[in-house]
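Take a look at the structure below.
Order as written gives the chain letters A, B, C, D, E and F; numbering starts at 1 within each chain.
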Amino acid sequence: MNILEILESGTKIMIIGLATVFIALSGIVLTVTLISKAVNYERPNKGKAKTDIKENSNLEIKVAEETSKIETQAEDEELIALITAAVAASLNRSTHNVIVKSVNRITGTGSQWSKAGRYEYISSKL
Amino acid sequence: MNILEILESGTKIMIIGLATVFIALSGIVLTVTLISKAVNYERPNKGKAKTDIKENSNLEIKVAEETSKIETQAEDEELIALITAAVAASLNRSTHNVIVKSVNRITGTGSQWSKAGRYEYISSKL
Amino acid sequence: MNILEILESGTKIMIIGLATVFIALSGIVLTVTLISKAVNYERPNKGKAKTDIKENSNLEIKVAEETSKIETQAEDEELIALITAAVAASLNRSTHNVIVKSVNRITGTGSQWSKAGRYEYISSKL
Amino acid sequence: MDKPLWEVIVDFINQTGFAHLTWQQAVMIGVSGVLIYLAIKKEYEPLLLLPIAFGMLLANLPLAGLMEGPIMEEGEVKQVGGLLYYLYQGVKLGIFPPLIFLGIGTMTDFGPLLANPKSFFLGAAAQAGIFAAFFLALLLGFTGPEAASIGIIGGADGPTAIYVTSLLAPELLGPIAVAAYSYMALVPIIQPPIMRALTTKAERQIVMEQLRPVSKLEKILFPIAVTLLGALLLPSTASLLGMLMLGNIFRESLVVDRLSKTAQNELMNIVTIFLGVTVGATANAELFLTIGTLKIVGLGLLAFGFGTAGGTLLGKLMCKLSGGKINPLIGSAGVSAVPMAARVSQVVGQKENPNNFLLMHAMGPNVAGVIGSAIAAGVFISLFG
Amino acid sequence: MDKPLWEVIVDFINQTGFAHLTWQQAVMIGVSGVLIYLAIKKEYEPLLLLPIAFGMLLANLPLAGLMEGPIMEEGEVKQVGGLLYYLYQGVKLGIFPPLIFLGIGTMTDFGPLLANPKSFFLGAAAQAGIFAAFFLALLLGFTGPEAASIGIIGGADGPTAIYVTSLLAPELLGPIAVAAYSYMALVPIIQPPIMRALTTKAERQIVMEQLRPVSKLEKILFPIAVTLLGALLLPSTASLLGMLMLGNIFRESLVVDRLSKTAQNELMNIVTIFLGVTVGATANAELFLTIGTLKIVGLGLLAFGFGTAGGTLLGKLMCKLSGGKINPLIGSAGVSAVPMAARVSQVVGQKENPNNFLLMHAMGPNVAGVIGSAIAAGVFISLFG
Amino acid sequence: MDKPLWEVIVDFINQTGFAHLTWQQAVMIGVSGVLIYLAIKKEYEPLLLLPIAFGMLLANLPLAGLMEGPIMEEGEVKQVGGLLYYLYQGVKLGIFPPLIFLGIGTMTDFGPLLANPKSFFLGAAAQAGIFAAFFLALLLGFTGPEAASIGIIGGADGPTAIYVTSLLAPELLGPIAVAAYSYMALVPIIQPPIMRALTTKAERQIVMEQLRPVSKLEKILFPIAVTLLGALLLPSTASLLGMLMLGNIFRESLVVDRLSKTAQNELMNIVTIFLGVTVGATANAELFLTIGTLKIVGLGLLAFGFGTAGGTLLGKLMCKLSGGKINPLIGSAGVSAVPMAARVSQVVGQKENPNNFLLMHAMGPNVAGVIGSAIAAGVFISLFG
């Protein structure tokens, strides 16, 4: 190929390439906007609460590494509340600045499989 | 194969199959019972203590993710006792409801291989 | 091979082998000594401080499993100082015996990749 | 590259997946969407069903070729295969399911079973569902190996079902895996009516004696004994049973904690991701959108039902024989689906008698059911493998 | 063994690496030393650059044969291959880069992008650097596949660059990987002058409105939609994009936490070690010590520059069109190099106006750039693959 | 399927393992039971010995075929291989032992060695055991490669022994691995009498000066220097030594913490499980129940003894030359068996003088011994490989 051919084919590929990227991302923009419309039409106030909480929390202590999901079972919430209080007390801060994100019980509370291992514990509570 | 042959071979396999499962599991039942007899003949009172302890523990906090084995070395027990006391104090509960299952030192106390890494620490105590 | 040949070749290999091991390790000794000279000529007092700190720390608590690198960013140090104080207070010990090695924020502070996940937090501090 | 720009553009459009999407593939993508919904919103065994569903989606994207093998020419690789093709080898060669069993072994406490070895019989009876479904599948026109793979759905053990199917009827992997995991998630809906229909109120109210404590030594000897007996009786079950028991001895020995932890966490998670996505990716439109899939879904449900019935009925018999000491509700837990089925026993029992705690007792048949279906799997593999 | 001792010794010396070390290999070892210095002391993307540099060192040790394939004889392995040869198969077969994308997906929050979908256009414009560098590489005499691999450096996405190069021009893997990761680390030095040159002080001071919160449902639907659209438009991008989005659905579904954690930690770390060391090990003296490497280093820098300019200029245009609501500085983050480039936007913006917090806004184009370069990769693979 | 039921039953019984169990296999199962006992009850290196023992059990179950290769027909897989066969490839291809060395590298602090480089000579002298055992093995009729593999037991380094044996004499893998790990566990019993016999009470009471602190820079340069020197002198040691030092630079650089953690935990654990089980599985009755195994067990013990003596004697010499500044007890730690042998030095020393803390000083020769036996391994591989 001589230099002209290279210039020509290079230009073609540049155009096709950038155009494809723009088309693809435009398609995604369109879809995302539609999804957002659809989702927020039905539930306009969701998601707000979460953000508010986040803004209140200047300090997030992760006592244990694992879970990123805030546990919702009553027992855990009680425990978390207790520990939050304890940590906050030690730190001499008011509780609403401290969030204990999760407390790990025996090998990962979030897991489905670990449930089997916990049955003894469960049964002792029943 | 016509339908009769299918019925016949299917029935055969069902019988063999279920019979095998029952024979295998019966063999295991027999063995397990024999083992249990042998083991408990020699040591009738073992294993009891463990269960009792478990029933006392309404609350198990796992400060760190790793170890499932309760450390028995004196040094660790002392540390665990201290932390248990601290947590219990913070929680305003009596200590016998709280068990700190383990405290992780540098990379996994349970491991054989990590021992090498700890020699500095050990030597400073010797 | 008769026994004499075996003896001869075995002896040869023994000599070559042990000699190689000694030569290799001597080479390493030489290099290490040179490196040590070069490094400590320029910076004779480095590395000392670290060791001293280590000797002061009779007790190392690793609140979270991950990081082995002491975080140096001001924000983290402040947090660590706070928690150290809290833990020490609970333990009724003076702070210079307790080192909180690290506090894990959301998914691993040490990691480069996780930084993306923390931008919300960072931005809220800016 | 001497073509005019517009021709290049047309060529490019012809190379898009849009230009090659068949309606069957579109339907499959829809099916994968439904499964993603079930996995996330309904939490139907999401650890497996979410990867399976996403794998199904990926495999039905035209031209993507993620499941295509490499193109060889004179012993050299001319074009490498797709990502999922390579990951799928772990399923095809029978490596992943035993590794998941290794992890399950490290998480399973056989204590309740050892405290009450009679539970094993309940774990055997509940495998009736496997053979009943196998029989019905034969009648519906499936071949022996296919019928065996379908029957194993009744074992209520995902990895066992995938292992048997990958060896005997790999083309059915998609529907069987989906059915197996869906029904495992549906155990709390499928089982209770059957359990109630087959037992009297009085039987359901039976309170069982507390289980004896089990010593550490018994727990260590158990995996060795089961491996020996099981694998000597049925050599084809050695890799499933052997890995399950290796995991269990890791757990009970207490001396290899770090191996135990890794086997049950990271190793298991990595294998689960690869297994889920690639098993899902076997479900291309051609293989999945057939009347056979509907039959499999139906037979799978029957298998669960028959298993539940089998366990419950033997429970009734053992109740009689023991003079009313055994609550037949624990029999249904024998299908495995650990620990869901054991909880179902607990819940159904507690409804009749709020002071009745069957969970520990039901864990016996429950874990026995895992061994039971591994042995049933061995029977099928040795007959059809 | 009937040779006299001294002959054995001479033979032995002739078998040492010292006797076979070429000056080119010595230079390569020196280069690897420099890279180790940059990785450790300057912290240039050490997670990749340290393994790459050490791999380069290992591959240039004479006679060690760590990258040599097995010697076969009549279908039997006569001598096993080197360690790095086997680990390299994961790169060669295109398995490792998508697995790293799986991990990246579990760590990426597309929330800021969903809150402001227009960011996608900035993520597209910044890919201009890819195509500009491709064009210049063609002019400098590289073949199409080589030029494409070099261009992808401008995507500022290591795994994408390695994936494309391993498929299109594996002999350039060493220099391209080194250039890609080095420039990613140098983003805070490369970008600011270009950003300042192309924007006015007034533009840089624009404060943007706070982003709207994004619901969980949107975040779950997003990865499915992107996989479908992206892979249907460009089937060759399916494995990169599919794995990125599988990771992201693991993250956003909240029901498969243990898979998500393993994908982003252990699996990713294992793959990173293997990928880094073996990519580095492709850089033997013959392939690396050429004038081509210098060209690649130069073109890579230009690619980053053009990408930054492209993003910033579209930012300027969008600023105009939106009536001054968009700060053009967030455009430069579209090159990806997550999250470094977004931080650069933040820092440059804050210098002009201490109360200006652009980080969240810049994360949108930043993560869009990852998708953008995956699509650009797909274009090249479908044209040259 | 037209056979009568009883014939089917007879066939089935003939397919059980019971019908094919040889007395040799029964003996092997017994041996594996003894090893499981040693691993769990006596805690003899349980991390390796438990998987090895269980692998031995699995490999001796008749008809299970867990170690059997696939059956090919015209280039197609007709029947897939056994689970352990596939996992064993990681040993056979020399992949697993270097990966374990990677993990060991991330856990090893070479600081005490750098503080006192003369320790290296003790780590060299203790390799005398390797060559002494090699010599004796030749005399007992083993071939060169076999003798070399047996000798390496004296290196007191499991992965090195497995690596050399898998390359030179794979049929001896079972007994050599068992001997190596058993004697490593028995170091506290084997070494003290030899140490006491070769030293005087006065020597054992010597208190050594505190070690100087070692800077971070020295610790980073060390792995690079060792890789270069070691692998240039002995190219065949590159994969073991290179991975050990890659792990160590991960550790000392402090910038790739997440790689370091994964290499020393999950990656190492996964590889350990696979390596242990499959190395154990090579020990089938035919290969294990020979007089050779007894010879290996005996030679292994001698190797440990000679190594201990070599280290201690050079310690004595260095004690003399240094004017009594070096306690010869630290010499025995040169056999490696990290950190057990260093603790033995500590304990034996403290018995004579309760204020004597040799542990730190003994760690120098101890980790030098790892490098020493990797180099000895390289010698054997280059001579016989």
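Keep in mind that, in the parts below, contacts are C-beta pairs under 8 Å (C-beta built on N, C-alpha and C of every residue); 3 or more make two chains touch, one makes a residue touch a chain.
Quick caveat: nothing in here was measured; it's all calculated off a predicted structure.
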Within the chain touch network, how many edges lie on the shortest path between chain A and chain F?
2
Centre to centre, using CA atoms, which chain is the farthest one from chain F?
A
Label of the chain whose CA centroid is most distant from the centroid of chain E
B
Distance between chain centroids, defined by C-alpha means - chain B, chain E (Å):
44
In angstrom, rounded to a whole number, how far apart do the mean CA points of chain D and chain F lie?
39
Distance between chain A and chain C based on Cα centroids, please, to the nearest Å.
32
So chain B residues touching two or more other chains come to 9, 16, 20, 63-66, 68, 87, 90, 107-108, 113, 120
At least two partner chains per residue is the criterion; list those residues in chain E.
12, 46-47, 233-234, 258, 261, 265-266
Which residues of chain E touch chain A once you look at their complex with the stated criterion?
113-114, 117-118, 120-121, 123-124, 127-128, 130-132, 134-135, 138-139, 144, 147, 213-218, 221-222, 225-226, 229-230, 233-234, 254, 257-258, 260-261, 368, 371-372, 375-376, 379-380, 383
Inside the complex, what are the residues of chain F that reach chain E?
92-95, 98, 102, 167, 220, 224, 227-228, 231-236, 238-239, 242-243, 246, 249-250, 253, 255-256, 258-259, 261-263, 266-267, 382
Along chain F, where are the residues that touch chain D in the complex?
12, 15-18, 21, 29, 33, 36, 39-40, 43, 46-47, 50-51, 54, 57-58, 61-66, 70, 80-83, 86-87, 265-266, 269-270, 272-273, 277
Which residues of chain F touch chain B once you look at their complex with the stated criterion?
1-2, 5, 8-9, 12, 45-47, 103-104, 107-109, 261, 264-265, 268, 338-339, 342, 346, 350, 357, 359-360, 363
Contact set on chain C toward chain E in their complex:
5, 8-9, 12, 15-16, 20, 107-108, 111-117, 119-120, 122-123, 126
